[in-house]
């Protein structure tokens, strides 16, 4: 008979995927009697799952997560191994996913599926009335920043998607030795960031705060991503007319959210959840991922176009989206972000060498 | 900061009033106290004695009236500017200071040099016989010891005006006598004015230059101890001053102050008219003056007897159930008949209606 | 009751163990049952580092200035804030207690404890931000010509700790001061003590035990400041507090062992101060604040 | 001269109070205004007003249920921590017994040690006994810091009470239980008020332990609030502010109700004050 | 919970001791009190009276010894199980309850039905004359009113054993007499045992069946009021009981109890030997018994005089500076010479060294 599924979202993904989930219940009332949605922040999830699994009482059936909590769970062995065990329930992923998304699917090592994906950044958002020539190279950005101290800002990478995407995009732009090894391979990036630091007033801890400073005129250029470009303008946080600039020859650093299953959920529920995962990877459901540009574009699988999305979704994207994105996504290469370990190492190094420098002054 | 009371000559209460909500605790008290005078404040429990002292010390604000020190109006001054010493009825010792520091507190506040403080604290402790307890905290003292700390604390500062609120109530008879002597000695020595609340008539009579009797927040009588003891001006003051026998009667004869009253006893009672108007009067006699006499006018039946050292004090029931308090040197049996009488010069007669 | 049972009972009572003492049991049992095991677990975990010997985590912490520096950074916030809050609470409470209609004011002064760190952080970011009301006002009146920076640095966190900490110390101080019998101050006044002297000689000594406890609780709160240090401060820099370092270890690096070790170090540092203050507290008078009869 | 100084001092103190209150109120106002604003950039007030942030937060987090759960949990924690904590504080304030310093350290530890260390094992224990995942799990977990907090906080308040009054109650036949009900609790009201209010605030804001032990239907407001602030993804400042305002109101209600019925000053001060 | 004292016959203190640190406040007090007895506890301030009551009530634990109620040992019982009533020296009223609730507290604790509580509280308030103040909080009462609430609270429960610690110390003379009568009446009515601490000898003499005199934590004498008033067994008890004149001397003649003592005055002093051993003795005379006599043996010079209502009491300085306290019905001038004497049957003689 139908079961109750407890969904926990630590990536803010329900915003995008909740309609698709609810559609599953509508279409399969014999499987799901009710969803219980819980939102939480990512870091503590691993601890909670660990406590539950050690006590043998797991009451979370389905997890929507970003890279970070996924990696943490993998390291601690919290996730059920889905592939290859249940491979028969799913199509060939390499065929299914957009290449950029597939890169990230590989990072999940069979313990989760990418549910939605976007190439993210690095992008620069600016106020066109205050910035006439938006810098299009890191050097130009530095020059601009020096000329207008305090007018450029990015948020602390550890607290901000656009912040970390900006940093992760730099090694590709600056031609660093190994863009996947922040500790040993990013000499130019670190030098650049330190130089940039001299003309940055401070780093907000959170993207929202940096958006606000851009919007109210304190800053003129900030780092952003596709989603953070479209959705805030839709929400009215940032004036509609603000523009986005890109670096010449940049590389997209993608980002994705995953769906995973904790170890130890009851057999009956497991069946339903697997069924549901397969359902969510179907085109009809993937089309929901456009949302309001929250993770623009959003769908992780090939062949989804905007006209398949719900009506209001289409309207939003038409109004606030940027036509040039399609070409940019198509023309520029896409890379996966740093893997969890390297990412943390990057945060640490950034905190020590860039963030803390503010104190000495 | 100038101490208002230093070297004053005269303290004047001018219609001093104080209300607690609707309750008038002090009703326009007026009184003048000279420097060097010892005033005792007497009155039934709850009549406003402590309230009066608190108003004087500045701890309660006046609802009306004024307080003057010579030409200076002081009722708006803060307590610390008045410079009066005070022994609180409930002690108000500082619980965190030992006896010595409690006593020295006022001196310390006055900026007296260390050595001088030590000397005067020693002296004050000696006066109240607490030298051996000086290191204890108030919480470790007996009730009487606490009271003595309160006294020592007030006298150590040698204030020009001392307010004492029942300072000896918790001391034994022997110590009380000693303390009384000390208080008088210090009063003389300092030439200060003292206002002394007590419920002990002995104390009031022996210490005071003048006694003020309060009742329901009003001054009923001011006078020397002799005045008050011998000739209270009102029946209620008389009753308060120990004239326990209050016999209603009818005036039958009057010659100057000498009167005869018919109280319904075998014979008329002879006494002194104090405050007589009309025919209906009350006769007031102290229990100690009413004694068994062969020819006493009052016939009564003994209803109780208690030992009181020098003599026995008894109660008796007279005609019509009137209760009588009398003294006898020899024990009497309960139920025995007795004839009682009192000397006419100690029998006071007041207009009826005043005793309450 | 037989006579033989008596000596034992009496010695127990004399040692302070009787019915009243047993009241401590439910709370103590509760803490033992629910806290001690998890605590010991965490303690042992801190001695089982991912790499290195059993003291590896501690060695790691104390050999890295970026880590052990957090102790100082935290103290630099927590101590002044706590002392300031207490120093402000006492005079305010001394004034408020005399007021007739003090409830409304008390409610307003205590209100910030209900705000929560998020609201305070959001509020301060807005209010003190470059386009916030404060800066706008100051500019409007010509006091400054460009916005001053009060957030995203030490002062942002400091201000937020004052806003949330002051009501805490104020509420405690007010209730504590009002427990002192007014007759004591009156007595001191008749002995010539001026307001300041009354405060230092009577009120202060009588609330010192309470202030000590207030200090401890407020200090512990301030010392473990976390979300506001991130939102209002410079979490990589001058407000990199120790609980932030612990959280990073736990939630970014997922190194619970190291996080436990940092947390233990945190506890030890706090215990150093709290223990000192509580021991000193024992040296003061702590008993009823009444003055005799009644 | 002295009173001039005193007046100056008093003026300073009131100046601080006014400064503090005005700034705090202004700060709160910015949040409230923003939470009702459509867009607020570079101006004194938002461009227009709306309630959509509240509506969407309410829907997104199913705040109706969450608020109810929060109230129930906070109420239970406050009540239980007072019930367990006050008697323990009484014992510690009134008796000297061997091992007392140890007991005090035992009560201090949960306050000093951050939940990072003990939260997960505590949650494990609570899951094992079947409490975690339910409301009771959250309540019990929150009691771990609030009970010791209450104990430590109440000690000085109890010390202030004259033991003679207790002695009188005992002589007149009150056992320990009724001594508490009739004498200690009424006299301790200000202390208990402070302790419970502060315990309440801590419970409502205790993110870690609540999250670790809450089940899908026993999440409290703070989890939703932290999510809206710290979770990844785009979120409008206004919607965070709306959450923060709801959060504030959920505790403010308690404060206002408590201070409406309970006086934070003690009985001695109140009686004497009415006289002055 | 059974009340230990209900229906007891006898209370027995068996070497009851209590130390405060090194200080022995009670040293092996033994005493048996029968039901219905009225015991007064007298003694100088700080001698351990309140400590004794507190031990009895169970508020202080014993350092040694035991307390028995009939066959039941009660010194390990909690106060609330003993069921005694107590008037505290410092009142210890419940500050948060109004007068009415304070008085009704014991009844409420005893589970007495509501209507019965109301009735008995009304009665008790009436006894202490506080009916009109019933709605006030203790902090709004005068000192004497507070004390009366404390009395009412204790008597309202009608306990089988009542402990009263200076219950009337803050009341005026008139009220004190009335209260005294009420206390006696209630004591009789309830048939309870009462242990009554007082520093007022009058009170002790008039109320008590037996008086216990304590000094430095030790029982010095137990006896009827007459015994104690007329024949204190030790010189210190005598001094405490009002024999203020303590004249050291040498025994010159003895015939049974009749003795003659040479104190260095003009003539020998005749008196009654109470506790004489050896030649060096002390003669004890009450001030009231030492009066100016034409042939009095003691020649002295008047140094002070105070009015005390019925008579004057004076101080005089004898040969060698010895201080004398005497009574006179007519005022004397300070500095006048006077000859003083006392009746031999009221002059008591003790071995020297005991007074102190």
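Letters A, B, C, D and E mark the chains in the order given here, with residues in each chain numbered from 1 onward.
Simple rule for what comes next: a residue touches a chain if its C-beta (ideal position, glycine included) is under 8 Å from a C-beta of that chain, and two chains touch if they have at least 3 such contacts.
None of the values given here were measured: they were computed from a predicted structure.
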item	value
Separation of chain E from chain A in steps, with touching chains one step apart	2
Of B-C and A-D, pair with higher C-beta contact tally	A-D
Identity of the chain that, by mean CA position, is farthest from chain E	A
Interchain centroid distance [CA atoms averaged], chain B/chain D, Å	54
Rounded Å distance, chain A centre to chain B centre (Cα mean)	90
Interchain centroid distance [CA atoms averaged], chain A/chain C, Å	38
Chain B residues counted as touching two or more neighbouring chains	1, 20, 89-90, 143
Multi-chain contact residues (two or more partners), chain D	2, 41-42, 119-121, 125, 162, 164, 226, 229, 237, 240, 268, 272, 275
Shared interface positions of chain C, touching two or more other chains	19, 131, 181, 183, 194, 231, 247, 250, 256, 287-290, 292-294
Chain C residues within the chain B interface of the complex	181, 183-184, 186-194, 197, 201-202, 205-206, 284-285, 287-294
Residue ranges of chain D in contact with chain C within the complex	2, 6, 9-10, 13-14, 16-17, 20-21, 23-28, 30-31, 34, 41-42, 44, 84-85, 87-88, 90-92, 94-98, 100, 103-104, 106-114, 116-122, 125, 140-141, 143-144, 147-149, 151-153, 155-157, 159-164, 176, 190-191, 193-194, 197-198, 201, 204-205, 222, 225-226, 229, 237, 240-241, 243-245, 247-248, 251-252, 254-256, 259, 263-266, 268-270, 272-273
Parts of chain C lying in touch with chain A, wherever the complex brings them together	66, 125, 129-131, 147, 149, 152-153, 230-231, 233-238, 240, 247-248, 250-254, 256
For the chain C and chain D complex, residues of the former touching the latter	15-28, 30-32, 34-39, 41-43, 45-46, 88, 91-92, 94-95, 97-98, 100, 102-103, 105-120, 122-124, 126-128, 131-134, 136, 163, 166, 168, 171-172, 174-183, 194-196, 209-210, 212-213, 216-217, 220, 224, 227, 231, 243, 246-247, 250, 256, 259-260, 263-264, 266-267, 270-271, 274, 278, 286-290
Footprint of chain D on chain A - complex, ascending	6, 8, 10-13, 15, 36-42, 44, 47-48, 50-52, 54-57, 59-60, 66, 159, 161, 206-209, 211-212, 215-217, 227-228, 231-232, 235-237, 239, 294
